[in-house]
Amino acid sequence: MKEETPTLTALLFGPDQKGLVAKTSGWIFACEANILHADQHTDLEEGIFFQRIVWQPRPGTDIERHLEAFHAFIQELGMQAELARSDVLPKVGVLVSKISHCFHDFMLRWKSGEFLCEVPLVISNHADLADEAAAYGVPFHHVPVAAATKAEAEARQIALLQEAGVDFVIMARYMQVLSADFLNTVGCPVINIHHSFLPAFAGAKPYHQAFARGVKLIGATAHYATAVLDDGPIIQQDVARVNHRHAVQDLVRKGRDLEKVVFAQAIRWHLEHRVLAYGNKTVVFD
Amino acid sequence: MKEETPTLTALLFGPDQKGLVAKTSGWIFACEANILHADQHTDLEEGIFFQRIVWQPRPGTDIERHLEAFHAFIQELGMQAELARSDVLPKVGVLVSKISHCFHDFMLRWKSGEFLCEVPLVISNHADLADEAAAYGVPFHHVPVAAATKAEAEARQIALLQEAGVDFVIMARYMQVLSADFLNTVGCPVINIHHSFLPAFAGAKPYHQAFARGVKLIGATAHYATAVLDDGPIIQQDVARVNHRHAVQDLVRKGRDLEKVVFAQAIRWHLEHRVLAYGNKTVVFD
Amino acid sequence: MKEETPTLTALLFGPDQKGLVAKTSGWIFACEANILHADQHTDLEEGIFFQRIVWQPRPGTDIERHLEAFHAFIQELGMQAELARSDVLPKVGVLVSKISHCFHDFMLRWKSGEFLCEVPLVISNHADLADEAAAYGVPFHHVPVAAATKAEAEARQIALLQEAGVDFVIMARYMQVLSADFLNTVGCPVINIHHSFLPAFAGAKPYHQAFARGVKLIGATAHYATAVLDDGPIIQQDVARVNHRHAVQDLVRKGRDLEKVVFAQAIRWHLEHRVLAYGNKTVVFD
Amino acid sequence: MKEETPTLTALLFGPDQKGLVAKTSGWIFACEANILHADQHTDLEEGIFFQRIVWQPRPGTDIERHLEAFHAFIQELGMQAELARSDVLPKVGVLVSKISHCFHDFMLRWKSGEFLCEVPLVISNHADLADEAAAYGVPFHHVPVAAATKAEAEARQIALLQEAGVDFVIMARYMQVLSADFLNTVGCPVINIHHSFLPAFAGAKPYHQAFARGVKLIGATAHYATAVLDDGPIIQQDVARVNHRHAVQDLVRKGRDLEKVVFAQAIRWHLEHRVLAYGNKTVVFD
């Protein structure tokens, strides 16, 4: 695993100031490392600088010390950093209910090597997908959720996720609202797929809402979950055309294809450390 | 003009019943006319039948009597009909303010023969586009609108539109809200282009709203104007991709291309008698 | 299965003549049947009339005699007809190699009820997907294909497909060219998914071809297989945006999503008897 | 004009080597200039480094000396550079025939301030658009082209373009093939809009070719013109959906909307110094 020098990825952001591009690339160059990709963005209104850098250290570098030194350097510049190394696979926790298309889509992409991650567990409020999870070789935990027991169920979910050491959680059409408490406590990002073009049709039964309104396009939105339902920073969205011949069940069917592709794209970007959320928005270095 | 037999188009709708397709096509066949196109739709939930038929009567047919007879026949079936003949061009009234891209787009398409209609007048609450209208050979009327004089201004607009005998009105980024009174009195459909993907971002400054929300797609919506702002039956919508690099003015610029194409498509469908509005929705026979 | 009266679908085509819509709908109405959908198209250049009608016979109708009578009636009109009843599921034969995304996508859609059909067998020139087919509950046949034994292999494939009574065959990224002999002998339509926007990049390694040409969009095309490679009537196409950052393997990855959706749409349309191929084109009544 | 310090844009490319990002950004930082945007790309297969940098020099900087020094620095690094300053508008020469939609679209965008450039002349092989050009305030030159006189006509075109000092030429549906001689002599890039999804349907009458093939999407392609017809580096492409109901003239009409938007996008990118052509491809820093 350590045979080849890993590549390192940094996501940086902080107050804009002159010379940041020169300073970060200069630091890396001074280490005789090789920048493979670099992309930056400045929010001129807010005065915030964002950067994603991918580099390969000189062979023989002590990676952990190198990353620590880089981190200290970034903090001196007044910026925050998320750092990742290519030889450590992120761990993804999966929440799912009964609807399975996003679940299978994620699992098949993962199995085929499209997603570079580990999947240590699947948690569901129903038992329906236990065998499917087992077929993919992933431990399955059935944590029923009822109104009266929601707090305990969420505590159990958090315990499982933290025990598994997940780096982020995906809600693969998980049909329960996660409480603000859950999101504050879980300690990692949670990506949700909502089956509408947000901010249109937030909340329950968005395809029914879309049908009632008579829109000519339906959508899907992948976003980070926040305490306000369907209101977190948007990572990716897409739409598909519908017409008067489409009943609600046609919208549901066409929407499934949207949901799968939008969700997978958001997961891929997050896995590749391409997404920086700030305020209610995201910067996506694609 | 009467040298060639015109084609006739009927838009029909009413309570569904067995045999409607057979009856309407049978009536036309019995007249020795030739059906060129026919398309129908049944809203099974509401029990409403919709049909668009295009046919060419036998040469020598007295068109007006033929249409009267058809209309009587349709009423006997309990349906309503909109009827049009290809040798009578619809008249379109244009409302515009200062922003000119939808105005020019419409005028150039019309001049190039893409829209088969007459354009008897342009009305604006500003004088800015007077010369441009003149260059297209269309009478221009400057009707200023102020809060205190809105009722009078609308009365003047209606008088001009009715005098010109318009069949429908288009709001080419006309930046005033038309009152319920106006819409009830004008007596013809009014098509608006709204610069968002409705129902998201109704009301003022939708691109600013979209920017603030951090959406990854912006949209445009052409709809029939109703008394509730930005809430009428949607005719056409489309979207374009944006990202974190786009400032509000980029959204505005990209949006202009969307608005032009969506607006033109809605106008074309309306001109070709392809749109039936019912409740808050449309059937578009495209 | 016979408890409810099935719906019937007819795909008709033949030389255009006056009154065809009236005649076909009149015949059905005369049987006291109820037309649920009807759509027609006339190729004015070629003088060909196409129609798709869906109707529900009067309860108690002898369906087979009814269909025979309809067929005879259509032949009298000089047209050809494909007839289907909703209570008889079409049988689909699957050809696949090693690449599995289209295979899994089809199977999962089928298992979830999105495709109303039977899948009596999977045939592959490799053994790799035997277990996966078994997990879906479908008999798997390994028929190796080598240059020297291609004729025998194809004979074996045809024997298996005909024995299973398939109504059509899908090539789920089956990586062998089917011979003209196969296509002439198999006696049913064969749907292929090609991983380019045909007619661009026909033949082998289309993503490599697309990369070399520097296109800004990649595509996928579902079409009926004919004796000329990648040249049959196109059923559906779609594209996705790429840029200079995408290597060939990114095109391959993005292309998989296109292939799945385009292939599934073509299969769905074929299953619903919405596609009429004529010459090198299709009419799709969607 | 010199009141505010202009921003400078550099497009760089050359053999990849370690430290290029650090060196270029370090040079600019050492001048106390402020990098506003920077984007880079490495073609790992070919070993070529590409970069676009936008920066604002310290107030009071002698811009021309600054650019000369930067240029010398870049050459020392073994790279080539295209340099531009925001206070010098590029000059665009327009070639057009009779078909006017791309011409009007370009002119209206330019007049509305969407394109920051000068338009010193329009050259056409027909006299039809003389008045329209005059209405936009641009000198119009009628240079007829016949098979026998093509060489002289091209010499005349080149003389006019060079006299006007154009930085690049756009072919706004100019219906003549420019000879290799013209392209070699004119000494600046030439952007063409082709009305198909290249490489499909190169050459004459692409919409007729697309109709005959029965494609389900039509396209448009903006590319740099090279000696091989419709084969130059592609800048932008897009597609629109068509179906069996669309006749050739419908493809032509729908295609016009594609052509306008694709052409405008390519021109905008070129004007903003976002496009680097190499081999038969482009890098577009969008």
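Chains here go by letter, A, B, C and D, matching the order in which they are written, and residues are numbered from 1 within each.
What we mean here is this: a contact is a pair of C-beta atoms (placed from the backbone, for glycine too) under 8 Å apart; a residue touches a chain by one contact, two chains touch by 3 or more.
Quantities reported herein were computed from a predicted structural model and do not represent experimental measurements.
The two sequence copies chain B and chain C touch through a face in which the numbers common to both exceed half of the numbers used overall. When each chain is reduced to the average of its Cα atoms, B sits farthest from chain A.
We define each chain's centre as the mean of its Cα atoms; on that basis chain B and chain C are separated by 37 Å.
Centre-to-centre, using mean CA coordinates, chain A is 42 Å away from chain B. In chain D, no residue touches two or more other chains. Within the complex formed with chain B, the residues of chain D that make contact are 100-101, 104, 108, 112, 114, 135, 253, 257, 261, 264.
Here chain A touches chain B in the complex through residues 41, 43-45, 50, 197-201, 212-217, 219, 233-239, 243-245, 247, 279-284, 286, going by the rule given at the top. Listing the residues of chain D that touch chain A in their complex gives 18-19, 21-23, 25-26, 28-30, 32, 34-40, 42.
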